[in-house]
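To keep things simple, chains are lettered A, B, C and D as they appear, and every chain counts its residues starting from 1.
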Amino acid sequence: MISREWTVNAALALALLAAAIAAEAAGQVFYITLATRIAILGLAATGLNLALGLGGLVSFGHAVFFGIGGYAAGILGSHAFSGDPMIFGLEGSNSMPLIWLVAALAAAVAGVVIGVISIRTSGVYFIMITLAFAQMLYYFAISWPAYGGEDGLSIFVRNAFPGMNTMKPLSFFLISFGALMAGIAILAVLRGSRFGSALDVVRQNEVRAAAVGINPFPVKLTAFVLSAMITAVAGALYADLNRFVSPSMMSWHMSGELIVLIILGGTGRLFGPMAGAALFVLIEHNLGELTERWQFFLGLILLVTVLFARGGVLGFLAGKVRHG
Amino acid sequence: MAEPVLQISNLVKSFGALRATDDVTIDLHPGEIHALIGPNGAGKSTLIHQICGTHAPNSGTIRFMGEDITHLGVAARARKGLGRTFQISSIAPEFSALRNVMLAVQARQGSSFRFFRPVRSDASLTGPAMTALERVGLAGRASLPVAELSHGERRQLEIAIALALGSRAFLLDEPMAGMGPEGSRALTSFLADLKQEAPILLVEHDMDAVFALADRISVLVYGKIIATGTVEEIRRDPAVRTAYLGDHD
Amino acid sequence: MKTILSAAALALSLGVSSTAMAAPVKIGMITTLSGGGAGLGVDTRDGFMLAIKRAGNEDVTVVIEDDAQKPEMAVQLADKMIQQENVDILTGIVWSNLLMAVQPGAVAQGKFYVSTNAAPAPLAGKGCSPLYFNAAYQNDNLHEAMGQYANEAHKKMFILAPNYPAGKDSLTGFKRYFKGEVVSEIYTKLGQTDYAAEIAQIRASGADGVFMFLPGGMGIAFMKQFAQSGVETPVMGPGFSFSQDVLPAIGDAALGVKNSGQWSHDLDNEANKTFVDAFKAEYNRLPSIYAMQGYDAAQMILSAAAKADVKDTDAFRAELLKADFQSPRGKFKFNTNQHPIQDIYVREVVKEGDTYTNKIVGTAFTDHGDAYAQDCKM
Amino acid sequence: MTAALAIEQLLNGLQLGVMLFLMAAGLTLIFGVMGLINLAHGSLYMVGAFACAAVASLTGSFWLGLIASLAAAAAAGAIIEVLVIRRLYSRDHLDQVLATFALILIFSEGTRWVFGSFPLYLNIPSILQGAVSLPGGVQYPAYRLAVIAAGGLIALGLAALITRTRLGIRIRAGENDREMIGALGVDIRTLYTVVFALGAALAGLAGALVGALQSVQVGMGEPVLILAFVVIVIGGIGSIKGAFLAALLVGVVDTMGRFLLPHLLATVLPPSEAGTIGGSASSMLIYIMMAFILAFRPRGLFAA
């Protein structure tokens, strides 16, 4: 039997896909851009969801990985565009799959360094130390002159994907949507695997995990690094969407927003981040049209969600989480 | 006498000026239940913490199956076969009883870093887990979330988890606590069988159970072992009577 | 906030006569209307809309949205304005980093961009575009002017700016014209609010002058702390730090400070009097340099729209290049890279009644262009 | 580099540290007693600064402004505690982070609604204008000296409050055992509101004191908030003593780093590059220090 949650999940995914295709048919290009934003932010938050939702690691610095992915796209793309070699004489590249790989590997390296130090701590300390690392790299990016510093880096021509014209909004949407679905699928497989069980028990009860012979540290570190890698791929896509990358992708506001997406959608739910991203982008878009004070009302909406609607969108649509 | 399974020698642990564990030497032989008793605050918990690895001792050694494990972490000790139940039942509360036990099987197989195959349909996990549940008499409750199990059933589940880990020795921390007389009797007879499989270091307040089960008893007072011996020897030991049993007479 | 304003409706209320347009023109304004930097965006918008209102023509519509000073937000809004609102011209961005995010995409999609403030070096040099105009200046100009001015009375300068590209451009611009010795060159953290450590170094440096570029709240903090420190070294800086939006918050501490600007509200010309009086009447405060720049950007667009159809890109561009409007700053023409050639003045902060403001005390450059025009190949 | 300059920089570090302590004390108190992580603490700082600036410009008295800052921040704190924060004590840190993040948006935009988009004017009182001469030829701003003194007094006062008074006993009891003080018949709800308002008042006071030195504008609380978090994490969350020492440490390291790093680099690099690289290194310095300390002491220097 297909559960109610999966029905809702399928409906959400199809709705996003249908919205983009309908926008294409109606010639409303901007709505495809919005749908693409939803897919990409959804993917970034899906990455965070692996650490935060499944592993209980409240990372307040995930924007760093998002930014690393963005810079991978920006740096490789700009070198490919200008033809100048990079450090060590390496060539740039405008191929998205290669860029994603570089983004994920770079984020993995950063994730290991940050994770090894941060995961020794827990609770508020973990929240704060991930924030501190993010601030550290944020200030580095601002003052690092080679790639634009605070001014950021423009990507004049969107990077390429084999067999598709990425400059067409719908094509780029489909790539982003595919990446989102792949990300969610990865999470689904991980969650059901032995690793997923171990991560889940570590989240529920770290002492217990150790007593049954599961060492929490490597499990948490692996989850943190995988999570960073997924978020970095989303960052690369985001840079391509905006044709621009800047340190503000690494700011603590961005980290906060990623958490917001997860909570809005429903913590620990597979499609929660996507649902949260959709809601957030629509709120931002529509409130911004209504009033100059939109941030005030955004704050109110978030507050009400946290206080009174704890399950988020999926909690509302698909009921409470069930465990087996 | 055969080589002890667990051999703790001259263990010392201080918190500031307080010596919570004061030169403790204690061992556990195959096939026996060795009970550790002592008044509240005697340092039983601190000792258990050091044996299972959550606290590091200041000095002394812990040997398990002939190997020095003094500096190993909690998870590594568990994987070597040092099975432990908790004073306060602490199990993954959101999981079913079966999945709790499956985790122990998974840990025993050393395979927490497999990322693809779904666990639910993995017979190499579910099979041994069901066997362990059957042994403690919980097979019929396998699919219930832990939160819905009774207190006694959670105790049984803890033991099933220790069994599934393939433990070579059990550290049981007050397994009788909170059980009704019926449950206590059932658990007592279960433990009497269990010791044939692997010896048990039993920390327990229920003196009836201790005297019924234990082959040997050690008495811990203010961090020191003041006596070790058979049930009869301990009953007769004057030091024990003054320090501990005297309170109850 | 999205505001769609038709100039005709406004003109009715103002009772201004309407001039005819060659064809309808739709302008998208992206500027900062929330958060700490909102003051600059509000002034830009108000100056811009003042010119639109005064023109009073129903063929001109302006869509205004808030970028919250976030580059991603600015890009998203630009996409929306181009793809959904079908605007012909984009304008309004205050910050260089936001402009760098928006400009390449906008001109690539064939839209005009008229900058009301931000003028990063790449867009004036190699990255220049036939569709990109700057109605304000080039970022380095005001710093260069202070470098030039410092030659008059200073031999040893202590210079500081925040550690980001505009900060580095600033000190580079200053040094381009300053002939004396730079005793110390300091980059502070962006957003830093305590300058005690830097002021202590100024005190110890033996410099006979301080040049600082610290926009917004950073400049306010620096000036207040500097005044309290007892250090007597004269301070100078570009006009941004002593603009009408921040002067009231600095107060007496700013009095006497020399700063550069391509405009001041006391400039003696007819267009300026009209502008300043109209702005005061409309908004009940003195206009800042950002307001003037917004006003001129709008005037420039209107002047071109009166003669050419914005859809006819070449014709419209030719009209923009003529800069056929009366700027409150006096002389104004475009360089080959479509950035201004104009006079840069030295101003001094004074108190007029209860109001802190600037008055012109000299001219640093006449008909000044920028250092990057030679790199611009169009 | 002269001794006078070094002393002056040390004082600057001290003054920054004292300001950070006022922020951090409230944060750490609120965390210690209620287990709450409050991102909106920076907003209370901003409320204090705006209240002080508004009242000072209305009445012409900085001192009335200071009182107003205490009152306004305490009131704002009490109001959000009753309306929002109180519902968060039983929640996990994730919900707390998010709800107080939402409060930041509301406070920032709300303040702009009331006071407009432009920075407000707030100057130091005339008797504290200018610099004073200290022994060793050091010239130092009188106001900053006063701030150091005030911060020191407040730290002492807070220590006395916690160790000597009935409220302090209850606060300490609350840190140790929440059920216990309930059992003793203390009204926990009121106690929590009072503690939160106290923390808020300290933040508001810091905002007002610093507002006179800096710029009173929307968003002024955020950089300070992050620094204050660094302070309490280094100090050990929940420890007032830890917060005090860590605040001084962060203040001095940050100031000295900004001052010394470019100088050190200038010995090996051209001045312009030394400035740039030194600048970025010093802006990362305290975060590096924090990572370093937590790598060795995961619960801070003085974990409660």
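Everything below uses one rule, namely that a contact is a pair of C-beta atoms (placed from the backbone, for glycine too) under 8 Å apart; a residue touches a chain by one contact, two chains touch by 3 or more.
Being a predicted model, the structure only gives us computed values, none of them experimental.
The minimal number of chain-to-chain contact steps leading from chain A to chain D is 1.
Of all chains, the one whose CA centroid is most distant from that of chain D is B.
Between C-D and A-C, more C-beta contact pairs are found at C-D.
With centres taken as mean Cα positions, chain C sits 36 Å from chain A.
Annotation: 43 Å between the Cα-based centres of chain A and chain B. Put simply, the C-alpha centre of chain B and that of chain D have 48 angstrom between them.
Residue positions of chain D touching 2 or more other chains: 108-109, 276, 279-280, 283. Those residues of chain B in touch with two or more other chains do not exist in this structure. Shared interface positions of chain C, defined as residues touching 2 or more other chains, are 33-35, 163, 168, 187, 189-190.
Which chains touch which is summed up as A-B, A-C, A-D, C-D. Of all residues in chain C, only 1-2, 33-35, 65-66, 68, 70-72, 75-76, 79-80, 83-84, 96-97, 100-101, 104-105, 108, 120, 163-166, 168, 187, 189-190 touch chain A in the complex they form. On the side of chain A, the complex with chain C involves touching residues 28-31, 33, 37, 139, 142-143, 145, 148-152, 154, 156, 238, 242-244, 246, 248-249, 253, 288-295.
Residues 31, 37, 84, 87-88, 93-95, 97-99, 101-106, 108-110, 113, 226, 229-230, 233, 237, 276, 279-280, 283-284, 287-288, 290-291, 294-295, 298-300 of chain D are the ones touching chain A in the complex. Across the complex, chain A is touched by residues 52-54, 73-76, 78-79, 84, 86, 90-96, 99, 102-104, 106-108, 111-120, 122, 125, 143, 145, 161, 165 of chain B.
Across the complex, chain A meets chain D through its residues 52, 58, 60, 117-118, 120-125, 127-129, 131-133, 135-136, 139-140, 142-145, 252, 256, 259-260, 263, 267, 293, 295-296, 298-303, 306-307, 310.
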